[in-house]
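For reference, chains read A, B, C, D and E in written order, and residue numbers begin at 1 within each chain.
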């Protein structure tokens, strides 16, 4: 299923004019505070009636101002996790979670116990929302949306209030949701780690306009686009296949350019994985370095370099045909003579690639086996 | 002065019956009206609002007279009722209940309206995104959240209905066992020199009844509003 | 302070007097019981005109009126009314009223409290008509409301004052209760102890012939 | 029938004056009581609540009579007032205002209480952490946020005060220019044969006045509640 | 000024029993969702009346249940940024910001224009809170607390709803606040980057109890403590002095072990800085590596190693007397023979140390010049 959004709306002091297509999978809305992310999500959910809009899921037209079509929110079947949790204060956590259940019709639903387990809500089921902590509220809100068997998930900064450990538990679940079900997800987040891990498509917004949009791998490794997102988070995504699980807790992954050793990933040999490597975690050397604690050294060719105003240089590498980004200082680039066409070695520490950055794809993007 | 036994108890029972049914029967309309005034925009909203307040502004006698015009045996509504159910409501306790309900209606509606206005519409939106159609949202989100206000409105209305007299006696007069409520009994005694002790008696009785209703409702309200706060 | 049913007549009479003497008069109309209690509580009233003797007596016992000034100002007649054009009712036939009532009710002011009701009950008892109708009453808080019930067709018959019946075109008098069937219907008037000379002259004026003519014009029996 | 000019206008002006002062003077007490009932816990809260509702439950005549007993020239409070200010309020327009205020008080308090209950106490907490002492928090956070409810209460009270009659006439009688408000004028005309046109006139007039007040207040309320929502 | 907190409180299903001392500067409360962070902050602010408590700022006893002392919230003079913004809906943004101004007495206040500038609120001043985005609300809430001239700042996840760019603007301001004023700050955050950058003291909570507490440098570089915080965020903090600003956008900093070249820091030569270096950003080599794009190579000695269950090894190094953490794989540790006492070289990329991780201390911790 795919989502197509075309919106124009004026608010006092703010004008939104955005259009993007979201293929199946997770589409991340990225942008600064006040860029218009929540406004877009509200329009998709039908909570905002835009001046002009056309929103289509697969072939269901949710709203088309030209044609005078308007589907009311409750028939849009979107699961919306609000930026503010908006739990029903008069219902228990359990009743909040099951609120949407009676409207799911015959669509397949996530099993209640499973969602509760993943989100760590078991101990809270009989509590009242007023007595929950900020993060607990947000987890209940996520569960409530998931259990309404939506045909589109809208997540507005769902994990912002959560600690990393909790995030690390919930992210794989969202991943599985993305891969197992065909539910498209519109995901608002400030965290490039989350976005890189989940998103198939990234839409970068600024002041109500789309700055750039496209497949996550492209946008996140496009130095120009990366500027809009925030330099620190630039990185590239390599696709690989799990080759073996080693005894010392490392997983060996074959990527186009060679082998990577990463901290254990819970995936069978043969499973396809996406590995995000932040540009700043990549070191370059002209000769293959020896005696370093870094285990992963990939041969690569410089495709382009881009110098900004700062001290850094973004280097686009081709590693076995795949794109790899490295961010080094200008001084190093000059010293090592990193120019277009130069051959070099990319050094990536194993532990630099934290677990949060590795996404599992049980099913390869393409026909299932 | 305690010799007037049965008639008094009859009046009290009748008052309770009238007030209860006045509130119970008008509650749905009151909730609908309060909700409409709080949330909807429609032409004639101002007129509806004025109409609701009318019984408060008009002297009760006038309201009673207008009721008589409409529901009396010759009135258009009265005739319709007779045709439909084979009996009107004039001179019946049902008529007293109608008069009490109409007099209490503005109080009930105002309380409900305030309660609905205080509900965060974003909660209703959230329910909508979960697939709940508007009526279901109303029943499962709006109504429970407005419950303390609805209760307050019902209590106000009940108190008013217990005390109502002007419109009632004008509309359905004062027939023992049928429409002679406590207030009209009190009025009767007030007209007679020297009946003050009887009046005191009756006042104390009706107070006791109304106040116990009030206190019970307070206890319920407290529990309700704690639930609504989500504690 | 005067009973409310006297309003138009008294307004007329007092206006005339004010014009003659150049003295300003303030009239306060309400139910006799209300006014009597207020006077008992020290209301700044100079004159009191009650709709019945009971409340006047009540004040007299409290010493709140100047007894020697008490006099009956006007009188009234009790009538049985039915809808406009209704045929007369024979009061000597005990079955006549119940027959006319059918399954309707007889509209009266409260028979135990409001003067018109008390008089009406006395009259009906005197004529041996009370028992059959005692359970067919629709008692109202004042005689005007009883009249309205008849005028609007809510009650087939009602017992009201002649003055009321005369002013309401939608009813007609079906019978007149004989004067001896009930205590005399009078509006006693008296000055209060605080009343000044002017108030007393007003009282005298109201008891005089000119005022009586005005009262008569308004349907009362003047100068009783 | 429009010949009765001045007296009618006088009654209307008086009604407005009485209703206005009844509301204006009781508003602070109403706000305090509504707030106390909504937020505080204290012994005797139930009693206070009952007391506030009393005028609603009692027949107006009884309330008026009780007022007369207390504030009449012979009553204890009446004497105290006379001693203090050299004049009582019985049979004065101030007395009419008192009666109207007392009759309208339960309506006002209930609306204010509901509004205060709907305010999120966490906003008041937030104000406290910014250094605002409780009274200041009350004035700058609670009061403005309750404003729509307070307005609603005032409007209800005003409407009630405009229509009040039973307690007023019992307490302060019906003296032209002093205590003859529109409703008591209506009452007197109702007692008089043939005065129906005058009654209609008066009813229409008082309706016009009360409804315009109502509509103005609605407009204000709408603006207020938009502000309170933060839009 | 310092803060001392001792609390015991029971809620249905949750028991808090925590005690810690917060010296001047920023004290970070760290812990998972539902650990009791907000509860503690509420108790300090006086919004919660704990079963037993003693809270002291400097020598003002805010609350002492034994002695029956209870200072009401409005006299505690704490500036509290709530997890939910709690703006006054009926007041404009400007009026929200200035709400506390009239109660500041003679205490020095932050200048209004300055706070508005730092938080980017200028365009919002006449708006109503209801029409703000999630991040905008939170910024206004921060400004409101700052402008009330508090003697203690309570920040409950103030930056969670903000994008990195905005965070990077606000953090230096909080830093300056910490250093210039003597206002102690209690800071709840899930972000180790924020915590490491700001915090002088870290208190790690779990299920209502203090897991460990102490100076930020110690706790964050203590592998045991780090486990509680989440392995990914382990790192150490080096203190240095700015030596020179280079033309190519790099700033040279002298630390005990040698020189570091970092992306430009806006600080005068001579200024003292804290540089947080995440353990995972440090590579180790036994010989000084050549021809690498990494500019910073510090000689160090292994002080301890700690092997967990995973594939990683946490290596504690002494670099010129300062503590430095490195996280490498077990495989590398074995290959390079990294054992206690071994001499080695620590390699840190310049760009690994993002600006967010560098804190400036104009005034050295100690007597001012």
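Criterion: a residue touches a chain if its C-beta (ideal position, glycine included) is under 8 Å from a C-beta of that chain, and two chains touch if they have at least 3 such contacts.
If you're wondering where the values come from, they're calculated on a predicted model, not measured in any experiment.
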| item | value |
| --- | --- |
| Chain labels contacting chain B and also chain D | C |
| Dominant interface by contact count, named by its two chains | A-E |
| Distance from chain E to chain B - Cα centre to Cα centre, in angstrom | 60 |
| Inter-centroid spacing, chain C versus chain B (mean Cα positions, whole Å) | 35 |
| Centre-to-centre distance between chain E and chain D (centres being mean Cα positions), rounded to whole Å | 57 |
| Of all residues in chain B, the ones touching two or more other chains | 61, 165-166, 187, 190 |
| Sites on chain E at which at least two other chains make contact | 84, 131 |
| Per-residue overlap in chain C, given as positions that touch at least 2 other chains | none |
| Each pair of chains that touches, named by its two labels | A-B, A-E, B-C, B-D, C-D, D-E |
| Footprint of chain E on chain D - complex, ascending | 122-123, 125-134, 137, 140-141, 144-145, 227-231 |
| Contact footprint of chain D on chain C as seen in their complex | 1, 3-5, 7-8, 26-30, 34-35, 37-38, 41-44, 142, 144, 163-164, 166-168, 218-219 |
| Residue ranges of chain A in contact with chain B within the complex | 45-47, 72-80, 82, 84, 86-90, 99-100, 103-104, 128-131, 144-145, 148, 154 |
| Touching residues (chain side chain B, partner chain C) in the complex | 61, 64-65, 68-69, 72-75, 90-91, 165-166, 169-170, 172-175, 180, 184, 187-194 |
| Complex interface listing, chain D residues touching chain B | 46, 49-50, 53-54, 56-62, 65, 106-107, 110-111, 113-115, 117-118, 148-149, 152, 156, 159-160, 162-163, 165-166, 183, 186-187, 190, 199, 203, 206-207, 210-211, 214-215, 218, 225 |
